[in-house]
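Handing you this structure, nothing more for now.
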């Protein structure tokens, strides 16, 4: 007998569909914060060059959020590749994760507008933290309820946990640096994202970030 | 002989594609209402903290609409998982449902801006009502025209109907509470959404919300 | 030997993916024109009711464009269901079609803002015309180059042509009515869309709109 | 034993999903720059005709960016059709490419607003250049790491390289023309895009653009 919303492979496919959709939109929305200079304020080539150059902080936060989205897209994908099926609760945890993905354009915009304030850095970090926590919660749920694919051994399961925790520790260090200077904080987090996104093979680095 | 738009499995797949797309966009658009404070109005950390704290009602309506979208995404998915094929009319009913999904960012925005007015609560409730009615209509159509998958028995069919009706009754109670206070109304609906989204296993609750 | 962009079933799948994406976004963007009233202008329940009621023309054009998108989504789908593979040119024609789908939120907005001007109606009709022409061109291209699926006979091919032409004739009549009154024009087109979207089975109507 | 994010066919499918999503959104966002004239400034049919006609430069840059997106969508698709699987780095290169796709609405808007300034043309060209470079990098990576599908011979591999390089040479010539006049530059690039998008079969042209 067929019942609604039983754990199924199709439910898993739908989660993939909505996830890629939300990421695609978030990736495009963070660009909207890079606003074209007002036409009235520009009267010469030099003024336009200056106006475009003045957008530098927005390009910086764009790059930062772009890398963040990249990293979490891979994080979600790495998990999902190891999950064989999805029930309603796992899908709900995934949607909570997407809810924080959808908030990233807001955090990014706040950061771009208030790069000199610690509060903006902390809100951004909180967003990173919630992304990690929801990812952790869905991995734990899939693990405990036997939704993992065949062939996923204890070591792999542990690796997934560790990666999330290690990244969060690095970002927490980054956030703490805003006690020194908000810009240092952003710079540190940006470097961390670059390292993750590039997925460097350097053995030492591998050992640190797992 | 092949004819255009016959009931088919491919038509069903297209409906899934556009549904996940509209939900993904709606999920991301409701965030756009959380607007970053204007730079001119903020001169210190404390002012920024105050400005972010002042966004609280918008975070509240964001959470509310996020939960609503989650619940209806599952609702559509629960139905669609039990439907074997789709003809043009069933797809049209599904698109009407999506039309009200697309309206949710508007209702949410109205609610966030006018949380103290009954009219805003009623418009939001009307949106919930139309979402339920279009879902009910497509289930009825699929049921009457033999589009349900094999193995869907009478009890399951009835469960789907009952769930929609029960949720609508709870939201109607919530909407009626705005006679007392619009905020009480929103609070009640938010609690209902939380219970549905969490899909609690508590037997008593299960009996009430089916 | 494998060559880039040969006619293939995968190319056909990609076209479906981007089509559903553009339609989903267009469906959601046309709602953005229904703007929430400014908070400063509203001081009581009655003023909010009046402000929401004043949005009526926008709800009207929303409904109109929603129906238009529905009809063309089915139109594209009806064609694509009869096409077995897609080469680069067929995909380009499809993208041109999507280009005019993407323009529909603009035409809708213009119409909502200038409902009393003939120019707005004509721009909207031009959009409908271009949607039909690009659809016609891709059907013709698929037909002439042997991309149609097996089992598509001459009668079905002709039916697809006729449907597009008949709809265009009805819209042209609607557009011509703006010589009498722009609102009459919009009303006529809205009724035509309703009939198409509802896909009525009335035999007389069937004979007229094919 | 299953490990996260190994090169797989599913990873390849996810890249296709997010790519079509970002392109669909970019295609729709570039339209948002065609803004409906303010209602206060229009009092007659003639004023509305004039106001719509004044949007001509925006329709021009819309057409330009629409063609650019079309060409790069095919470029990505041509590559992806020849790639059998994707690992995390190839996916990262693809996301970088998408990052520049997402920037195109910004470059388009800048160009539409400052069509008379060389700086705007150069920013637009830089965007085209980065799109080409990221596409080149991912092709090179797939080629060097044995991710190409069976049956892709050396000639096809070379053809893909050559196409990217030839297009970049043409756009560089176009960008250089802005020393004469920015509008000439835009016109030249627009003609190049038209030729590519139409995929003309003219043998002479074929020889030049490969």
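We call the chains A, B, C and D, going by the order they appear; numbering starts again at 1 in every chain.
Everything below uses one rule, namely that a residue touches a chain if its C-beta (ideal position, glycine included) is under 8 Å from a C-beta of that chain, and two chains touch if they have at least 3 such contacts.
Keep in mind that what you see is a predicted model, and the values were worked out from it rather than measured.
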How many degrees of rotation map chain A onto its copy chain B on CA atoms, rounded to the nearest 5?
-> 90
When chain A touches chain D, do the two copies use mostly the same residue numbers, with over half shared, or different ones?
-> different
Could you tell me which chain lies farthest from chain A when each chain's centre is the average position of its Cα atoms?
-> C
Let me have the rounded angstrom distance from the C-alpha centre of chain A over to the C-alpha centre of chain D, please.
-> 25
Averaging only over C-alpha atoms, locate the centres of chain B and chain D and give their separation in whole Å.
-> 36
Name the residues of chain B that each touch 2 or more other chains.
-> 17, 21, 24-25
Contact set on chain A toward chain B in their complex | 1-5, 8, 10-11, 14, 17-18, 21-22, 24-26, 29, 88-89, 91-92, 95, 98-99, 102-103, 105-106, 109-110, 113-114, 117-120, 123
In the complex formed with chain D, which residues of chain A make contact?
-> 16-17, 20-21, 23-25, 27-28, 30-32, 34, 36-37, 39, 42, 45, 48-49, 52, 66, 70, 73-74, 77-79, 81-82, 149-153, 156, 159-160, 197-199
